[in-house]
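Both complexes below contain chain A, partnered by chain B and then by chain C.
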Partner chain A sequence: MINLINILMQIIAYVFLITGIFFVLSTAVAMIRFPDLYTRLHAGSKCLMAGSISVLMGCLVLEGINLNSLKLIVIIIFLLVTNSVAIHVIASFANNHKIKSKTITKNDIED
Partner chain B sequence: MKKKLFIFIPTLALWFVFAGRVNIQVFLLGTIVCTIISLILADNIFRLVQMKYGTKKFFIKIYYILLVVSTYIYDVIISAVRVSRHAFEIKPSFSPRVVSIKTTHINKNSVAILVNFITLTQGALAMDFDNLNENYYIHWIDVHSDYEAEIKKTLISKHEYLVAKIFD
Partner chain C sequence: MLLLYLILIIVLSAILTFYRVIKGPSIPDRIVAMNSIGVMFLLVLVLFSYYFERKFIIDVALVFGVFIFIDVLIMAKYLKKSEKG
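On to the complex of A and B.
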């Protein structure tokens, strides 16, 4: 029974890890393929965040309940706060310095 | 002094968590570092704090904070799937648009939290906040029509409601 739970935990952990690796890989691909700063920021915020949360969750499941998992939870919380703030600051800076989006279809700021 | 203590104790606890052990060396170094941090940050961190809630309301707020965090994590996963789909398309089919949304928030903390965390919601990226007209300017990666824009605005108002529950 304990063996079965261990196998199940490992499967869940590896699913998290593989999902995380996929998202991080897609961030790298999007950074190269997307046309302008704002669309790249979308990849840098969402895909990177989902990827790192998934990888850390995978590590959390593999680690079990101990001090290291507490560290991982703290890292997830810090990541959730700092990534979103940093991306917003970059977007705000770019907007204030009139950096135009190449592919925009409608812009309420200029209307 | 009270503010500095409120910063010092959590940062020292965090120091012990990351150090992974409790001994005199870790304690001494932690005390020095945390004292410096609390001296620098105490005034700025508590600038917008309003202590107007009772103990019972405090626990309800914690429930709403957990709700907001779980909503954002769910949203981040969904939007990451969509953005990564665009990344692997042969010809990316997104149609970006900058949309202004009028906020219903009065509290400055709610506005600050929402404008930063909109980045995690589905396909949205907060570009700016207009203080005069109280409008958010949001860059949406995947809006093909006005109808779709309205649906996305409704999604943002759901987040607005949840954040307002914490601060208002």
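On to the complex of A and C.
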């Protein structure tokens, strides 16, 4: 019975890991193929955070409950807070440098 | 053994993202790409601690997460000031 629960936890952990790594790989493809800075910001904030949180959740399921899993939870909360702040700072910096979107039809910033 | 392949896929995606660092048309492109590479390397560190079964690497990953954040903030602030003056 304990063996069955162990195998089930391993399967759940690897499902989390493979889902997260799919998101990380799609972030890399998005960084190459997106035409514009602001679309790349979108990929770098949301898609990357989905991937990294999913990978860390997989490690959390592999670990169980002890001190290391507390550190993993701290990393998850810290990434959730700081990466969105960092992407917002970069977006405001790009707006100060007057970088325009390539596929824009009507510029709301300058009008 | 599956864990090693997952680490290799993350390293491959970091190498693909490095293309944007080389060929980014503007400075914020390069900063966003380096931020993504930093988070990917943090994931590689966390997975290394399970692959080699050395649990202290999680502490290294925790401090590295702080460094990524401070890095982006300092670059954005410094470049904004140099644009003005």
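Rule of thumb we're sticking to: the second predicted complex is superposed on the first by the 106 of 111 C-alpha atoms of A that agree within 3 Å, B and C clash if a C-alpha of one lies under 4 Å from a C-alpha of the other, contacts with A are read in each partner's own complex, and residues count from 1 in each chain.
Note that a residue touches a chain if its C-beta (ideal position, glycine included) is under 8 Å from a C-beta of that chain, and two chains touch if they have at least 3 such contacts.
Since we're looking at a predicted model, the values are computed, not measured.
Trainee: Would you check which partner chain A:8 touches, where first means chain B only, second means chain C only, and both and neither mean what they say?
Mentor: A:8: touches no partner chain.
Trainee: A:101 contacts which: chain B (first), chain C (second), both, neither?
Mentor: In the superposed model, A:101 contacts chain B only, not chain C.
Trainee: One more residue to check, A:46. First (chain B), second (chain C), both or neither?
Mentor: The answer is first: A:46 touches chain B but not chain C.
Trainee: Regarding the shared-chain residue A:18, is it in contact with chain B (first), chain C (second), both, or neither?
Mentor: After superposing on A, A:18 lies in contact with chain C but is clear of chain B.
Trainee: Determine, under the contact definition given at the top, whether A:29 touches first (chain B), second (chain C), both, or neither.
Mentor: both
Trainee: After lining up the shared chain so the two structures overlap, which partner does A:71 touch, if you call chain B first and chain C second: first, second, both or neither?
Mentor: Both partners.
Trainee: Where does A:80 make contact in the superposed view: on chain B (first), on chain C (second), on both, or on neither?
Mentor: first
Trainee: Just which bits of chain A does chain B share with chain C as contact spots?
Mentor: On chain A, the overlap between the chain B and chain C contacts is residues 27, 29, 41, 51, 68, 71, 74, 83, 85, 87, 92, 94, 96.
Trainee: Residues of chain A touching chain C in their complex?
Mentor: For chain A paired with chain C, touching residues are 14, 17-18, 20-21, 24-25, 27-29, 31-32, 37, 40-41, 44, 48, 51-52, 55-56, 59, 62, 68, 71-72, 74-75, 78-79, 82-83, 85-87, 89-90, 92-94, 96-97, 99.
Trainee: Looking at the complex, which residues from chain C come into contact with chain A?
Mentor: 2-3, 6, 9-10, 12-14, 16-17, 19-20, 26-29, 31-33, 35-36, 39-40, 42-43, 46-47, 50, 55, 58-59, 61-62, 65-66, 68-69, 72-73, 76, 79-80, 83
Trainee: Help me check something: in the complex, which residues belonging to chain B touch chain A?
Mentor: 14, 17-18, 20, 69, 72-73, 76-77, 79-81, 83-84, 86-88, 92, 94-100, 115-120, 123, 125-128, 137, 139, 141, 143
Trainee: Residue numbers of chain A touching chain B in their complex, please.
Mentor: 22-23, 26-27, 29-30, 33-34, 38-39, 41-43, 45-47, 49-51, 53, 67-68, 70-71, 74, 80, 83-85, 87-88, 91-92, 94-96, 101, 103-109
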